[in-house]
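Sharing a structure with you now.
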Amino acid sequence: MKVNLMHGAGGEVMGELLRVITNLRHNNAGGIGLESLDDGAVIPLNGQNIVFTTDNHVVSPIFFPGGDIGRIAVCGTINDLAMMGGRPVALSCGMVIPEGFDVADLERIVASMDAALDECGASLVTGDTKVLERGALDAIIINTAGIGVAERVVRDNGLVPGDAIIVSGTIGDHGIAIMAHREGFDFGGQIHSDVAPLWTLVEGALATGDIHAMKDPTRGGFANAINEMAKKSRVGVVIEEEALPFRKSVQSAAGMLGIDPLEVANEGKVVMGVAPDDAEAILAALRSHPYGRDAAIVGEVIEGSHVTMRTAIGGERFIEPPIGDPVPRVC
Amino acid sequence: MKVNLMHGAGGEVMGELLRVITNLRHNNAGGIGLESLDDGAVIPLNGQNIVFTTDNHVVSPIFFPGGDIGRIAVCGTINDLAMMGGRPVALSCGMVIPEGFDVADLERIVASMDAALDECGASLVTGDTKVLERGALDAIIINTAGIGVAERVVRDNGLVPGDAIIVSGTIGDHGIAIMAHREGFDFGGQIHSDVAPLWTLVEGALATGDIHAMKDPTRGGFANAINEMAKKSRVGVVIEEEALPFRKSVQSAAGMLGIDPLEVANEGKVVMGVAPDDAEAILAALRSHPYGRDAAIVGEVIEGSHVTMRTAIGGERFIEPPIGDPVPRVC
Amino acid sequence: MAVGKEILDTLHSLVDQEITLMHICGTHEAAIARAGLRSVLPSNLKIVMGPGCPVCITPQGEIDAALDLVEKGCIVATYGDLLRVPGSKGSLESSGGDVRVVQGVHKAVEIARNEPGRDVVFISVGFETTAPTVAAAILANPPENFSILSCHRLVPPAMAWLLEQGEASLQGFILPGHVCTVMGYEEYERFPVPQVVAGFEPEDILLGLVMAVQQIREGVHRVDNAYPRAVSREGNVKAKRLMYEVFEPFDVEWRGFPVIPKSGLRLKPEFAGYDAQEKYGIEIRHVDKHSACICDKVLRGVARPSDCRLFGKVCTPRTPVGPCMVSHEGACKIWHLYESKRA
Amino acid sequence: MAVGKEILDTLHSLVDQEITLMHICGTHEAAIARAGLRSVLPSNLKIVMGPGCPVCITPQGEIDAALDLVEKGCIVATYGDLLRVPGSKGSLESSGGDVRVVQGVHKAVEIARNEPGRDVVFISVGFETTAPTVAAAILANPPENFSILSCHRLVPPAMAWLLEQGEASLQGFILPGHVCTVMGYEEYERFPVPQVVAGFEPEDILLGLVMAVQQIREGVHRVDNAYPRAVSREGNVKAKRLMYEVFEPFDVEWRGFPVIPKSGLRLKPEFAGYDAQEKYGIEIRHVDKHSACICDKVLRGVARPSDCRLFGKVCTPRTPVGPCMVSHEGACKIWHLYESKRA
Amino acid sequence: MCIAMPAEVLEIKDGNIGVVDFGDLKQEVRLDLVDVSVGEFVLVHVGFAIQRLSREEGLETREVFRQVHAAMMEE
Amino acid sequence: MCIAMPAEVLEIKDGNIGVVDFGDLKQEVRLDLVDVSVGEFVLVHVGFAIQRLSREEGLETREVFRQVHAAMMEE
């Protein structure tokens, strides 16, 4: 069998590939390991919970409205640490650069990484760089790994019936911004990626109430994240269509592109399941943070399985994890 | 300015690129940071020295006599941790896979990673996978980052005049094996990469005597590693040509290819500077380990600067860090 | 949502018999699925999907022709919809060729203008809504390195064919709102069956259903317009004129159907220079479908996806066998996504 | 190392005057540098490098011709040595074309056989050591899609030219051991200057120096052979015969030199089908050198790299200005690597 | 088939290019198939305006539904 | 120029292909330019044997130096 693009797009298909890649006997260092496929691993060291995570970042274009690959590379890992309840401490950075890449662009990327680090008190402490010959690689790839420390570890599988589902802001901003750019729709700066480091946002929420589960709705979007959380927690989730926060411009663009904004990546959002009694307080905490102003309670955890949506018209339908990256459609 | 292949090949040229990439205010988490360009960073956490390092691995061919990219990806990071005195605890793995890659090959790679982990008691606990479309990427890229714990941190800049320079075995095996394969010289299985995880070897040496500095002679080979160690330590080094251990087959191949085996990568070797009184004991400890059987004392640290070689004929010359990847030559 | 609820209440109060309606528009199917409309309809009112998804009805031979063009080194410009539709040997996405997703035909022309050294072919699929946009582009004198592979289809001939078969027990049709935006609905008045032109908001569709049920209750048939803000009886006259200036109807096969007379659009001889088939000597071959796939029946409204024995087993959204499983609007795909779990 | 030390002692005991010898072989230079030989020689014995590196003496116009072939879409097969040599617009390595490093001409022929749809051109550089291997390959009927860009040079005409200039005060020559392996040394006997054929082990070179110094002390000139295990007076007769069966001498420019009569090798007319210049209409243009680069003087033995005002400043191994800084065996590069710090 | 979205015409350039607003999102569309003025609404499909909508109906879909439903019920 | 390495001929195939040993490293080389038998030594350049070496000299370079040096000194 050959790897195809669907294998990289999240969801069930990706799961098959992950089964191959995670088929290791040495997959856990005494805490939460690779087998959990959570946002990160946990390693108990000397009485502390060390959180450890990694992501490869490839994004086209590398500079886009609202951010660039450098900001994504830092935020992607900061956010995975935060999703586990981890305060980000240190990042590594592995760059693979195609021959011919502009050094001035590299300077911009690095400055952008530094700015993102500045927002959450983490440092990039170790790195590696490879240059590949023209033709072997199209665009820069940045891997970051991160180390954090968690007072209390939060999993993505801790949803409990009755929990309120909260998203920290508008959905689909990053994915639609990128998709539009990539497919030659020139929206200029009208749609901005939401890429942002979420640690201080999450820190505030953690201090406010009981968060049962968290996940960042990146690849595969909200649809994928909520399904993964529900499936791993062995519960059902009901989402209220009318409660979902969208930016109007993103909705317009999604309509034009024929793409469901629930299925595209967010890079500055968290989906959480929280104890119902704490939901309002946590919502207020999120909304008091610049990255959480549009936070909303969008659904509820129920017994059962599947994620369904109560539509505006009163209907009910499934929210499925997407298969493959979305493609613009006209019909 | 554009990035070119020389920027990725180590040495002075790479240094220029690194100045751009490491131009960060947030580059240190309270210990040893990016600014040191050592084999890894050190983060003091709760009274422990956490060692943290990363490497991108791109190798062509991905399967070669003596190993594969999976083994290299694990060993490369294990060894960087070991070079800092760190016991490897946990690894992350970021794979970037080109569309069309054979899943059976992936299985082989993963099994090989597992086997390397097995040799040193570390686990691969977190990962990420991206699939790039055909044409955007030629070959699989594997990034690993690693966390270790060091009782005593060893730097690459601790050489002291009088130190004995030890290499843990024959030089150039990996680089010559790869180079030959890549350039279409068919040596069959006559030359094997030395790729190996060195923690237990290093652990034994650390327990035996006073190691002032360590570095693994990977990219740029022994020539690069010893120059970096000397420069950072502000000392000179004299190498005895006749003491350098080479496999005869590697020497023959290097002769045929017109390539200096001192300038190509090793993936299972360590270069160390040790207190002269401990040199013999450490040498014995290394030689008692399967990966250290050909260890040798190859030189001495002196006051001054530059790395020179006392040649067999009694002459003296510089050993310089190579510029760019070596290329086979016929004249 | 008060209006929607009101219309829905009206609908429930009106349906007092088993009624099956067919829509012939992928966008209707997508809207119905997205709003979960079927879950709130009266239980004796069924909506089935006809041959209204241009991806579903594009025969494999036309995809193969597009792949032939890729192989000849052309830049193939296409709507994203076609990207993953399987031909005999893979899809445009997996072809490894220079395939560009475009928003519309004008963007394909732009590519041809910007890369004069390359041959650019636009895979021109779509019903009457889309064909006029291509006609406008052709009439604007695109560069010589531009051409189209015309795969257009017309709705009324397919409806006529369906009605002649008489297989499906349909009480009426929901007409495709955007096709009618362009074409008006005069030409549908010849069909002796209740029909309503509907838009694409859930409320639009509910209104359309109410109107159709009313005709059935009254025992009449006519074309009602539930989408008056966009559709008039005569449609967009200018668009129709441009379309017929450039294209002419011809007999063509639909995926799942036989050759239907005058149901396709091809370039008129005077535009042969823009005809990729002529230009590159591309032949469209008939390809027999997978023996067990009942897409044809699904598209004709005489079977549901779940009647297919491949459905959800051999044929899934990831390994689609028939076209109905490929398109986002394909009946089988939508059924799989939104309905299979309910079974 | 006892032998080496013994020979070295002999050398020290023999040199009692200022002596400068020239070698004309990049491999000699590399061996001298690698062994740090200059550091152990008597201080009044100097060895300078002449035009013996085929990379250094290949004019920029020939690199440009290779780049033209890349641009025409040919597979360009070359020794690694040429990869980074700058032409007027970049190097083969940075050309982005299909450039393959090969071990020898036979591997380039193999590529042509395996990829019959592609044109394969071998950039055929080298002295008399290398030219016979190419001749053998040509005589073995390579496929039609194979050809060579002949950039070969002959040593004796360059030596003759050097001696005619009389600029450098040289007491003798160390002759290139592997050129003489093929050619023998009979044709060098006409030069009225002490000469010794030497091999490439440090001891070989030391032996050669001893023999040259002996001739100088004796006030005689002849060709001595310090490399008898590989070199005979007549050389490899078969190799010579093949070489002249395929190639014929012609007048050609060397980098740093003017046109030297009969100093190049080109394919004879009967092999024109394998001549890339003929086949692709490639012209070799003369390119003026950087005004301040004194490579020509360095190669002629009248200046040292450190005499160049660009050396180590504008011109470094990373940003080479002249060819002597490009090749591994280029005098300026070797000087930079092994000697600059000593200054 | 045929996704189409209503948009308001903000500007007309070079005769057949319109700058339209889809709702916080401006885009250029082709006007080859319609005769339209600034301030009017159009229905846009594959980058072309395919029909003109009346301004009120473009702005207030909900109200339109109400009216059509009411009218129908009165019959 | 002209890196060349001595090697021992282990086998001869198809007339002009030799399998040679460079010292723990076997390789195929072309024999077009020399007449040579198994067991003899050759000097190899760019994949071609360019000359035959006597077996003793191929094996014992050091001894060769000694002899040449000694002979020279005797003169």
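Think of it as A, B, C, D, E and F in the order they're written, each chain with its own count starting at 1.
One rule holds in what follows: contacts are C-beta pairs under 8 Å (C-beta built on N, C-alpha and C of every residue); 3 or more make two chains touch, one makes a residue touch a chain.
Note that the structure is predicted; figures quoted are calculated from it, not measured.
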{"item": "Turning angle required so that chain E lies on chain F, C-alpha fit (0 to 180°, nearest 5)", "value": "180"}
{"item": "By count of C-beta pairs in contact, the leading pair of chains", "value": "A-B"}
{"item": "Most widely separated chain from chain E, with each centre as the mean of CA atoms", "value": "F"}
{"item": "Centre distance in Å when chain D and chain E are each reduced to the mean of their C-alpha atoms", "value": "76"}
{"item": "Distance between the centres, which are taken as Cα means, of chain C and chain B, whole angstrom", "value": "60"}
{"item": "Averaged-CA centre spacing for the pair chain E and chain C, given as whole angstrom", "value": "22"}
{"item": "Whole-Å gap separating chain A and chain B, where each centre is the average of the chain's CA atoms", "value": "34"}
{"item": "Per-residue overlap in chain F, given as positions that touch at least 2 other chains", "value": "1-3, 45-46"}
{"item": "For chain B, residues contacting two or more additional chains", "value": "4-5, 135, 185, 258, 329-331"}
{"item": "Chain D: positions in contact with at least two other chains", "value": "4, 26-27, 53-54, 79, 103-104, 107, 126, 130, 203, 329"}
{"item": "In the complex, chain B residues that touch chain A", "value": "1-5, 7-9, 14, 17-18, 20-29, 31-34, 40-41, 43, 45-48, 50, 52-56, 58, 89-90, 92-104, 106-107, 110-111, 113-114, 117-118, 122-133, 135-139, 141, 143, 145, 147, 149"}
{"item": "For the chain C and chain E complex, residues of the former touching the latter", "value": "3-4, 6-7, 10, 25-27, 52-54, 79, 103-107, 126-127, 129-130, 132-133, 136-137, 140, 176, 178-179, 181-182, 200-201, 203-204, 207, 210-211, 214, 226, 228-231, 235-236, 238-239, 242, 329"}
{"item": "Chain A residues within the chain C interface of the complex", "value": "4-6, 12-13, 183-185, 242, 258, 306, 309, 311-318, 320, 323-324, 327-331"}
{"item": "Chain E residues within the chain A interface of the complex", "value": "1-3, 5, 22-27, 44-46"}
{"item": "Chain A to chain E touching residues, read off their complex", "value": "185, 187, 190-191, 247-249, 251-253, 255-256, 258, 329-331"}
